[in-house]
Amino acid sequence: MLFLKSADLERFLAAASETRTVYVPVDVEPKKSAYRKWTPGTAVSKGLKTTRSAKDFFFPQTEDLVGFRIENKKIQILDPRGEEEDFAVFGVRACDARSFGILDKVFLSEPVDTYYENRRAHGLILTMTCRRPAETCFCTAFGIDPASPGGDVAFTETADGWYVEAVTERGRDFLAPLGDLFEDRDGSGAEAAKEETRAIMKRLPLADLQTDAFGGGKTKEFFDRPEWASLSEACIGCGTCTFVCPTCQCYDIRDYDTGHGVKRFRCWDSCMYSDFTKMAGGNPRLTQKERFRQRFMHKLVYFPENNGGEFGCVGCGRCLASCPIHMNIVKVMKTLSEGQDES
Amino acid sequence: MQEMMKKRAMELLADGTVTRVIGWRRGEFSYDISPAVFEDAAQIERDFVWDAFCGANVSKYLIRESAKGRVLAFLKPCDAFSMNQLLAEHRVKRENVYLIGIPCAGKADIDRIKARGIDGVTGIEEDGEAFVVHTIYGDERVGRADVLAERCLVCKSKRHPVYDELLGEEGEDLPDDARFAGVEKLEAMTAEERFAFWRGELSKCIRCNACRNVCPACTCENCVFDNPDSGISQKAAADPFEENMYHIIRAFHVAGRCTDCGECSRVCPEHIPLHLLNRKFIKDIDELYGTYRAGEDDETKNPLTSFTEGDAEPAVVRKRGRA
Amino acid sequence: MNPETLIPHPVVVEDVRIDTPDVKTFRILTREGDKPFDHLPGQCAMISVPGVGEGMFSITSSPTNRAYMEFSIKKCGHLTSWLHALEPGMEVTVRGPYGRPFPVEEDLLGRDLLFIAGGIGLAPLRSVINYVRDNRERYGDVEIIYGARSKDDLVDYREILEEWQTTPGVRVHLTIDREQVGWDGHVGFVPNYVKELNPDLKKTVLVCGPPIMIKFTVQGLTELGFAPEQIWTTMELRMKCGVGKCGRCNIGAKYVCKDGPVFRYDELGELPDEY
Amino acid sequence: MQVNETGAFVPTVVAFCCNWCSYAGADLSGTNRLQYPSNIKIIRVPCSCRVNPMFILRAFQRGADGVILCGCHPGDCHYTTGNYYTRRRMTLLFSMLDYLGIERERTRVEWVSAAEGQKFAETMKSFAAEIAALGPNRRLEDLRCRK
């Protein structure tokens, strides 16, 4: 099995950077990381998760969709896109890796979103196992194994380096020319590290979180539950949970008049915002309760209904860590399934 | 203190003084506490919590809750300043709220605990001047002062400017010098350094609007940034200019009304030190127009809606500090 | 059409017809003078004024009209105010068609049809009505009940009088909310008028109008004995992408832009009550 | 960015002028055939107090290199006290811009009465020259608006 020694990480990233831009998690504050372009000397974060998810790489917070120039009352349409370049994202955890599959179900279903598709086609995902999961982690509830993170190439972390396995054809093609960076080791070390991760997952406080109560076809069961009122009462209607979420993909399309043309861009939007569904004629979701309910119903009921039972959550725990009032999908799931037992 | 608060809340519910109680509800890992509205004694008995992690300022919820009938709120000193400002602005009817002032020894910031490399938290206990953090990787002990929120380290006052009754001892105003140290440090920099500092900070903004939505001074029914007719409605910072615009205007719109409760910095998922913008306005107002403390009382006029004939000219900015 | 669903096409506003004080009908052509694209009755398209915004509108012309495309638009917000300022010869952009149409070649085929419209709600139904008129032999009896606030608010009034009422097998019942000088027709709200007319229970119903009107009309129809499976309606919600991705028009597991806007009433019953 | 025939930078300067004084002052300087730079774009406002901080920022967003606000002398406001509020607001705004590291020379407030055509022309000349020396606005520009 291929093994990359800790000391050789810099060499590996340098080699990978020769063919593409490589993004790595970097500590921007103690224990707070964000993806940055790797350049020689960039220290890769040892933290568990970036504050923002990795969805930005394929679905950036803002992107220009189309440009307009108006001359002599004629509208000229401009496609702002240039050639997409190859890139790789290093250190993606299992939860984020799964989120790409969820985003694919939205953006790659007909009609295909070509903006997203282009980036997906050019992005190589280098995943990494989790050695030190946090209390906010609950990916296992969604059938994710943080010890087999998927992506194109999977890195299994150990004390002195990483076991490296190609997961996809693309991953194999990427690793093929980099052979001399790796040692050959037998895979028992990898298996031990994976078991260690799985053992920790079982000890986490959210290890027993159950999803059985939820899923497609349960709209009627949950929509009118009285618990929504108390769950949403403290919600301040910000978009933090949505924007740090790896699977939230709602967007807005807006026009910006630059004075010499118009840029139409799309940007992340949040169903938690009061103006999300506001129309000239009124707003069908008048209070935060309805908006709050929409977000969780979508993840736990509507999305699985349309996607063969797959939930719209990967248990990364970012919303647990970031919510200003500490309300989150775990509390929603627990409250709703508890209430169900009583009834 | 928690037991005293629960007892008082239940008494006031029972004797009909109030119909609801605003407090804090326990969470999953002892630090993830949510503000909550309690309607009966059983809920209070089961879920009401008051400890070092009840950081959320509950005063803004009173705009909504007080409209539904009389409600009890427990206020930390900084919450009481926010509350008083809301009362002064007639956003909350005084007769619809019953306010109990509670002492505060400063709130812990879970991110500062985590920044020390502590993860897998399953519970936290207070032990004198320290916290014992239980984690799945073992127990850790951290000093209280090392993990207090920034705003608590420079606490402006332990006094409640408004209350119906107090639990515990009333505190006093604290010296302000440390509070403005961060602003002074920036003022001492060159313009280039300041520009680089703020670009670095503001470029982290994800425009989640948490700072605005949590702010007890941001109470407009329709914010300029949400109003398509304002000409500056933005949903995402599509350009660095918009990051500047949003944060300058957000701070400006609460200038003279901001009580420096620090909620904006607390909720920022990117840890942008937003209080440094608000405190700059507070410091400028103090220096130029005389010391003013929003939320102190409801008689002193807001410095931005008053003036004196001898006010400084805007050119004063050109003469100060480093360019 | 360009496969890029989010990139629109410039089109020329060929004609602007003032229908009512707040409704104008816009005739759209490509620069080459063609109809921009084919559609089915009930489908929608995104129209935009660059720099102002984009909005979803029902295509009100019939697919059988090969010459041009028409949209009847009520002035009620930011974008529609801009659209109302358009003059012939100016350009806007369009993309589409979007959504599920009325099942004119399936469920509606050979049926007796009852159209019920209120105000601007006639816009999506007009497309079906004209489609049915142009394929008269393939459908049964056609009855149209249309109401508006006043005589001046009846959209397509001339077309109704001159073309619809003169088509064999088509009956039109007009009503206005309040008495008005110069109006000797029926006065009263649409839901009540429907009950008065007591339509044949064999008919398939297509209803569109303000939400409150739809609600009471369907209530009335149910009282008369119509089953939800006989009733079709079309919805409107805020939309941005038009292709079921932006999440805005999500109700339950459905996206109005993709799974609607046309729904059979029993399907709506399955959705949470958010409309 | 605009340059003149010699290749020198010509700044875009926006001047918000109060209808009752500075705008009339600009008129007076015109009728007196006093010259002031043509790259000053005057926006007439009913009172200097009408200008809120967003106006200043939006001017920069849309390509201004400098923004000057002209109103009646304190005490002479047509609406009695409008300019007193302006004075406080702009002082705090300019201080904040400076705090963010944006060149403090790019913003200015001047009180110019309807009788001060000369002062208007002089103020505009000196401000335009100051901005020209400072160079293009790069710290508070919207890159999307750059041509």
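All chains are identified by letter, namely A, B, C and D, in their written order; residue positions are counted from 1 within each chain.
We adopt the following convention: contacts are C-beta pairs under 8 Å (C-beta built on N, C-alpha and C of every residue); 3 or more make two chains touch, one makes a residue touch a chain.
Because the structure is a prediction, the values reported are computed rather than measured.
Novice: Taking each chain's centre as the mean of its CA atoms, which one is farthest from the centre of chain B?
Specialist: Greatest centre separation from chain B goes to chain C.
Novice: Kindly work out which chain lies most centrally, taking the average of its C-alpha atoms as its position.
Specialist: That would be A.
Novice: Provide the C-alpha centroid distance between chain B and chain D, rounded to the nearest whole angstrom.
Specialist: From the centre of chain B to the centre of chain D is 36 Å.
Novice: For chain C and chain D, what's the span in angstrom between their mean Cα positions?
Specialist: One centre to the other, that is 52 Å.
Novice: Take the average of all CA coordinates in chain A, do the same for chain B, and state the distance between these two points in whole angstrom.
Specialist: 30
Novice: Counting only Cα atoms for the centres, state how far chain A is from chain D in Å.
Specialist: It comes to 47 Å between the two C-alpha centres.
Novice: Residues of chain B that touch two or more other chains: which are they?
Specialist: Touching at least two other chains: 238.
Novice: Could you list the positions in chain C whose residues touch two or more of the other chains?
Specialist: Residues 53, 78 of chain C each touch two or more of the other chains.
Novice: Which residues belonging to chain A are in contact with no fewer than two other chains?
Specialist: 252, 254, 256, 269, in rising order.
Novice: So in the complex, which bits of chain A are touching chain B?
Specialist: Checking each residue of chain A against chain B gives 28-32, 34, 48, 51-52, 61-62, 132-136, 200, 203-206, 230, 233-234, 236-240, 242-244, 252, 254, 256, 265, 267-270, 273-275, 320, 322, 324-328, 330-331.
Novice: Show which residues of chain B lie in contact with chain A when the two form their complex.
Specialist: Listed in rising order, the residues are 27-29, 32-37, 56, 60-61, 111, 114-117, 119-122, 135-137, 204, 206-210, 212-214, 226, 235-238, 263, 266-267, 269-271.
Novice: For the complex, give me every residue of chain B touching chain D.
Specialist: Per the touch definition, chain B meets chain D at residues 183, 186-187, 191-199, 224, 230-232, 238-242, 244-245, 248-249, 251-252, 255, 277, 280-281, 284-285, 288-289, 303-305, 307, 309, 311-318, 320-321, 323.
Novice: Quick check on the complex: what are the chain C residues that touch chain A?
Specialist: 3-10, 48, 50-54, 76-78, 80, 89-93, 236-238, 240-241, 243-248, 250, 252-253, 270-275
Novice: Help me check something: in the complex, which residues belonging to chain D touch chain B?
Specialist: Within the complex, chain D touches chain B at residues 53-54, 57-58, 60-61, 74-75, 81, 84-85, 87-105, 107-109, 139-144.
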